[in-house]
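Structures incoming, each one as structure tokens.
Common to both upcoming complexes is subunit A, partnered first by subunit B, then by subunit C.
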Partner chain A sequence: MSDGGGRGDGGARDDFFSEAQELVDGLGRDLLMLDDLLKKGRVDPEIINDVFRGVHTLKGLSGLFGATRMAGLSHQLEDLLDELRLGRIDIGVGVLDLLFRAVSLYARILAAEKGEAEDPVHDVEQLLLALGQVSGRRTGEGVGAVAQYELDPGLLGVLTEYEEHRLRANIQQGFGLYRIRALFSLATIDTALDAVKANARPHGEIITYLPTGSSSDADTIELEILMASKAPLGVLSAAIRSSGVTVEEVQRREPTTAALSIHMTGAPQGPAAASAAGAVPSVHPGLAPTGQERESRPSVLEGPRPTGTSNVPAVTAGGKASSARAPGQGEMSLRSVSQTVRVDIRKLDRLMNIVGELAIVKTAIARLTERARGRYVEPREFATELARLNRSFERHLAQMQNGILEVRMVPLGQAFDKLARIVRQISREHLKEVNLVITGAETEIDKLIVEELSDPLMHMIRNAIDHGIEARDDRLSVGKPVVGTIALNAFQKGNHVVIEVEDDGSGMDPKALTAAAIRRGVVTADEAKEMSQREVFALVFMPGFTTKEVATDLSGRGVGLDIVRTNISKLGGVVDITSDVGIGTKMTITLPITLAIINVLLVEIGGRPFAIPLASIEEAIAFDEAALRTVELREVLSVRGVSLPVCRLDRLFGLTTSSRRARSFVVIAQVGDRRMGLIVDELIGQQDIVIKPLGRSLARVRGFAGATELGDQRVALVLDAAALLEEVLVPGETRFFGAAEAVRS
Partner chain B sequence: MPTLSKVRAGKRAAMRAGEAGTRTEYIAFGLAGETYAVPIAQLAEILRPPPITGVPRAPRTVVGVVSVRGRLVTVIDLRTRIRLPPAPMDHRSRILLVDGGTEHIGFVVDEVQQVWRLSPEEIEPSNVLGGDQAAHIAGIGRPAGVEGAMLILLDLRPLAESP
Partner chain C sequence: MRRVLVVEDSVSTRAFVRAVLEAPEFADALGGCQVVEATCGFDAMRLLPRDRYDLIVTDINMTDINGLELIRFIRRSAHHRQTPLLVISTLRAQHDAERGIALGANVYLPKPFTPEQLRASCAELLAGPAHPSSGPPSGGHRAP
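Showing the complex of A and B:
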């Protein structure tokens, strides 16, 4: 253990992170489902159970790895979930808020455990406090309701707390109770009971089953199954009918206004409920889940009410404020701490097969070598054989490469799931109702890109909710639906994946944008006049750009769209904006599918090799220097009747070209819908390369996506076409640079 | 620069004192006519310079990037980095590879000389040179028994972390 211990430990810890991350992601999904159902006024006990189990597993897992903060949080959550499960507390939007907060805290604790972020001690404490307050207060569930049924006290006595809760919950929903008696043979009871359960499940919920003890012979056993269903007796007995099964309805003693009395039981707890209502708006004691949603809706929109404040709402408000203020400090990152990819075993099998094929090629090469060593081999024959093997090797290598790329691919849904959680949270923080509509979640993209994409997408959605979607009253006054819509669409387009974030909000006014840009000195009035619509919209990506004169709680938090642009271009992608005033805004991200192995065009600039990703190249053509024209200090080439801005890479990179060439080449790069010609000295050829990022020390050098090793130990830099196009074509700080370049020419 | 005989004497002295105390091994290298040294433990590797690919628009201190067994390494000119006059590389130039945490950084030095094993008594703190010394100067090494030998002890880690 002493020697391998360290490594084994590290491996186990990695497993811990990936497993914990998966559990946390799962919790997030479950909570979203609960939230959805709750909006429809329903509660699915199975999902609450799932959440409970997930948290329980997390608790065990974190205890095992000494992640004490996480274990502590899980413990408290478990308590709350247990109460929810047993119906001692009603689930409501407020409780869900706490659970959602817990999920995002889990992610931060995990990051802290990994040493990637600060330990959110303060926030955990606040949440624990809030959880304690909710757990401490119980619902006075309609105990009286059960008594109205003619149930055997013996049966009621042996119900577990959970079963009792389900029984009450079903009665409160107005479902009928049925007693099913079934005779099973001991030999087949497992399958027979399952069959009965399966028949019964579509019609309701089985609450419990017990042996009746009245069976007459030793080989059979009679069970009494207690079931709640809204189906009438006839339907139910038809569904479950089989030999030895009888279904009867449990009679009510006095069919009075049961629901009313349930409401009344909660009322005396008034003061406690009122103080809690601010913090957790929807926990109304004794309210059936169905009624609760209608009751709590208004408070969802109004948020914590300013009236009736005690210290309780203050805690929640403080927590919310802190979670809203400081995402810049890595507080709200959606990136998962785990770098694990789940792989379908069949994909691995295919890879394994290819490895087998490669082994066969290797054997053939060994045999050929052996033969050549043993006796003279006709060179031509040798060459033919070698060429054949080389082809086979190439083919299998290509398959292998594709196979591995495929393994790296994950559906974008992984990032989208988390975004749905964020939308819920932000829309509640800003008291705007927003519906997130996702299409294309199954679009696959490299795992690395998905991870890096989460945060930029989060910022864009935040921006859409805060600046795009109007306040409720404004929407009503222009005749838009109260609930705003943000559409998140993804689709593949050639070697790129396109992701659109579209809102149906107020849109952006180009005039207001240019006015703000002039006011802030980003552009001059003259420049503004000449800007195209697209250039105007691109202004929002400038650092520190804002049209809002009064800072909202969102501005001034460093959640500028410039970060989005920077992050996206790091991934080799571009962002574009279109917007219509009053109709909405659409941001489009175009990204390469993978970052790992790419096909490049090798070129020579100033005597040095550079690689340009083929994915961003439209074509490469020879051209005559004489064909260049100058338009407003920018060099422009006309290609097949379309003028194309060009950039001399040797000049941009400060390299000296030995002699002025009469003939050079222009590589036409296209990213998104921007096009530009890159002037290079020579075209060398195409090659598949593994791209490696430049180190942190070179992070600030723009224009390069990384570097790659060529066959001969030399390293070639890989151009980042998206960044170069952005730098040369887009206005802003880089535009002046571009202009200065042009003046010098 | 110590003469060869002095070097040998120094080595012998180091050997004699050897295993006794807590000696640290330093590797000495020449830079602009002075002798510098860094703890061997800080180095991952010493390389003969492979072809270095310049990075346009990189900071002045960056010579370029090289690939060391499939790993991309940024190469820094140590002369420029610690504000010594620059000089072209020649056949004696070497690259000292340092693990800078997130990435490996290579430092170009004029030549690599020898290994010194220094006890704490043979190291003067950097403040003998006066008030503020840069963080990368760790002290002055004065190997016992070697007349006139003086090593400027460097800490390459801060340099690797912010090259």
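Showing the complex of A and C:
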């Protein structure tokens, strides 16, 4: 698949965005790991090298694709990281701060490259300045004396500068050098080598892999692996031994120069050496981590966790807050610019199989057509055959649909990873210690929703740290643990995914909320009296509620929760909030699993078809108009003893129903905790539909998720049950009037 | 048809090299150019003995076996002792690139490079044995 052409052509550029996004996401994860290790006073040189390699690749990419801002940033970052990995600068919290800043800048630069955001010129310049200051603080360790290490010159000649540094660092730590020779089949070398690596890693660091021998045999390859370890030969060879693998110690000669003899007193072996190495303060990258640390690493690397609770790095605010909370950071977005989904090839294989099955059905239909054309076919026999084919076709189509939906599903962990970074950043800015506890990162949801979810979640978490979690002293005085906790829980509930953001902060006082809302003119005093507690908490989602006066004790400064609610309801979801003073606040997002293909109930209102997503329908029942009662100006219907507010959709949409009928139908919709009956004229039936967005001129009309084409060429509007319920049930001005125009046009 | 093996772990860089070398304006001059991609050193070692290549383009900073080790392997192998070899790596990896040249690579082209620079380096290497008098191609550093 060749793109032809050079710079900037579509295909290669898409590759660029998806690769760059993946690299930036990877950097974020690596930095969190470094941060976590650093708090325990440890450094893993391999992660630093991974970060370096990531930035190095980003730099190469951005150069090739003409992303100059990104190339400039990468260039300077690479300088710093090179110094770090070569051990010339020590890694510390300050340096990590800069690297975290760089990661969020990368995201903004990528969005700018895509034309989705403004180029963060100013912020990049500031960071470059700060990076320059770090790079200037070199300790200037001499490089180049590697030739004196008395290793095979052939091997030394193929080491990269980094590998040379790692070799030197390990020797300085007094570790022994070992040569592992292994014969691999070229076809399976990747997995076979992984096994060797996994066995070797707990015992030390692999410096390099050198292919040796002749290539006369094209199917096998001999590798010489150079490894540094504090374990004695016996332990090491026992750990690594497998067929075709030998381990030998690299012989040391007496050091020849005085300078070297200080460090090169030979590699001591046994427990004494191990304990000596362990006693060295370990904040220098030159120190190879112990086996335990290494083993702990993969568990942090995996994005989504299989089960249970995982503890994302506890974020501890250090002595100084990061000085620059860069201007315009409110515009920061966590959305990724990549629109690529990584798919397990087996899922695609299954789809391919289904396509094969469908081809068989097609052939059968063709054969049947041919038969009917050639001679008279008994109609009943023809119909039976056709019905059989139709069933088979339907079955495969349903499988196909499920398969494609499955391909669109990604674990929520993709969004959660980025949030962990945000928690670290915000809590450092606010000098609060916050522990983010994530459960259910493996919960799967449509890729599109994950992307749209990042920003609302970021706002909610920012809000929780800003205004939920109390300052350290306040927590101490009420007997709470100094470290605040924000729990991010995700789980599936039927056709919905529920995400909870729960903090153990100060909570919200309903009385103070209503008072503020009345003062702000968001609600009247009379309305406030009628409000349930849930409605009161929902006030924080009202536009205009986040004002300065209220901000000090209740809500955000400009970080509007109303945006959160708007964005969530665009996704067909709802946000609910509960809070207890002194105990904490919990916000709950309920979302549909996918937006792509949905199962709907088709209904008729005023002679027109409408679709209501089945996911938000509890039941549909026939009822007698006489059973309706009016309570406090609202029509209610008693269903099995529970009175339910109802809404006449024909009136709401400004449609006239031809004749007043004695019997109508009520569709009981439920989203989150809200329930309402929607009165319709007729029930048509269930159907799977593909939602198409309404045109731009109708984009602002609330209450509709989009439109869909029905089999008979008619177009049906798809109701957005979440928005509809909110508009009708929540007091305050109704923004629904536009709906009538939408229906008529 | 000239066959070029590109050894590089970045998918977009591979796509870029392919786009440049397989573009008609470059391919026409050489009677067509076909790019084969290897994602790592092992991948390259699998591909190399099975086919003829007129040019090998390799990165240096790769996981497992690095580009230098690959160059040494290629220069010692029976099949590609003479095949022209272009090293693409960032300018800051000058030290590594010099080692590559010492191990038998022909030209070092620092990243990032323009399509023109890549074309110039590849065209010269594909044209035949090196002419010491011809000087380095634009942007490329020829081995002494």
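Heads up, the rule we're going with is that the second predicted complex is superposed on the first by the 522 of 745 C-alpha atoms of A that agree within 3 Å, B and C clash if a C-alpha of one lies under 4 Å from a C-alpha of the other, contacts with A are read in each partner's own complex, and residues count from 1 in each chain.
Criterion: contacts are C-beta pairs under 8 Å (C-beta built on N, C-alpha and C of every residue); 3 or more make two chains touch, one makes a residue touch a chain.
Note that this is a predicted model, so its numbers are computed, not measured.
S.K.: Contacts for A:471 in the overlay, against subunit B (first) and subunit C (second): which applies, first, second, both or neither?
M.R.: Neither subunit B nor subunit C is touched by A:471.
S.K.: Between subunit B (first) and subunit C (second), which does A:233 come into contact with in this model arrangement: first, second, both, or neither?
M.R.: A:233: touches no partner chain.
S.K.: Looking at A:704 after the superposition, I want to know if it touches subunit B, subunit C, both of them or none. Which is it: first, second, both, neither?
M.R.: first
S.K.: In the superposed arrangement, which partner chain does A:383 touch: subunit B (first), subunit C (second), both, or neither?
M.R.: After superposing on A, A:383 lies clear of both subunit B and subunit C.
S.K.: On the A-aligned overlay, A:713 touches which partner chain: subunit B = first, subunit C = second, or both, or neither?
M.R.: Only subunit B is touched by A:713; subunit C is not.
S.K.: In the superposed model, does subunit B or subunit C contact more residues of subunit A?
M.R.: Of the two chains, more subunit A residues are contacted by C.
S.K.: For A:692, using the defined touch cut-off, is the partner it touches subunit B, subunit C, both, or neither? Pick first, second, both or neither.
M.R.: In the superposition, A:692 contacts subunit B only.
S.K.: Just to be sure I read the superposition right, which of the two partners does A:608 touch: subunit B = first, subunit C = second, or both, or neither?
M.R.: Once the two structures are laid over each other on A, A:608 reaches subunit B alone.
S.K.: Considering the complex alone, what residue numbers of subunit A touch subunit B?
M.R.: Of all residues in subunit A, those touching subunit B are 608, 652-655, 692-698, 701-704, 706-707, 709, 713-717.
S.K.: Under the stated contact criterion, what part of subunit C meets subunit A in this complex?
M.R.: For this pair, the touching residues of subunit C are 9-13, 15-16, 18-20, 22-24, 41-42, 45-46, 48-50, 60-61, 63-66, 68-73, 76-79, 90, 92-93, 95-96, 99, 102-103, 111-115.
S.K.: Quick one: which bits of subunit A touch subunit C in the complex? Just the residue numbers, please.
M.R.: 2-7, 9, 11-12, 15-16, 19-20, 53, 56-57, 59-65, 71, 78-79, 82, 154, 157-161, 163, 186-187, 189-190, 193, 208-211, 214-216, 218, 221, 223
S.K.: Looking at the complex, which residues from subunit B come into contact with subunit A?
M.R.: 50-51, 53-58, 62, 64-67, 70-74, 76, 100, 102-105, 162-163
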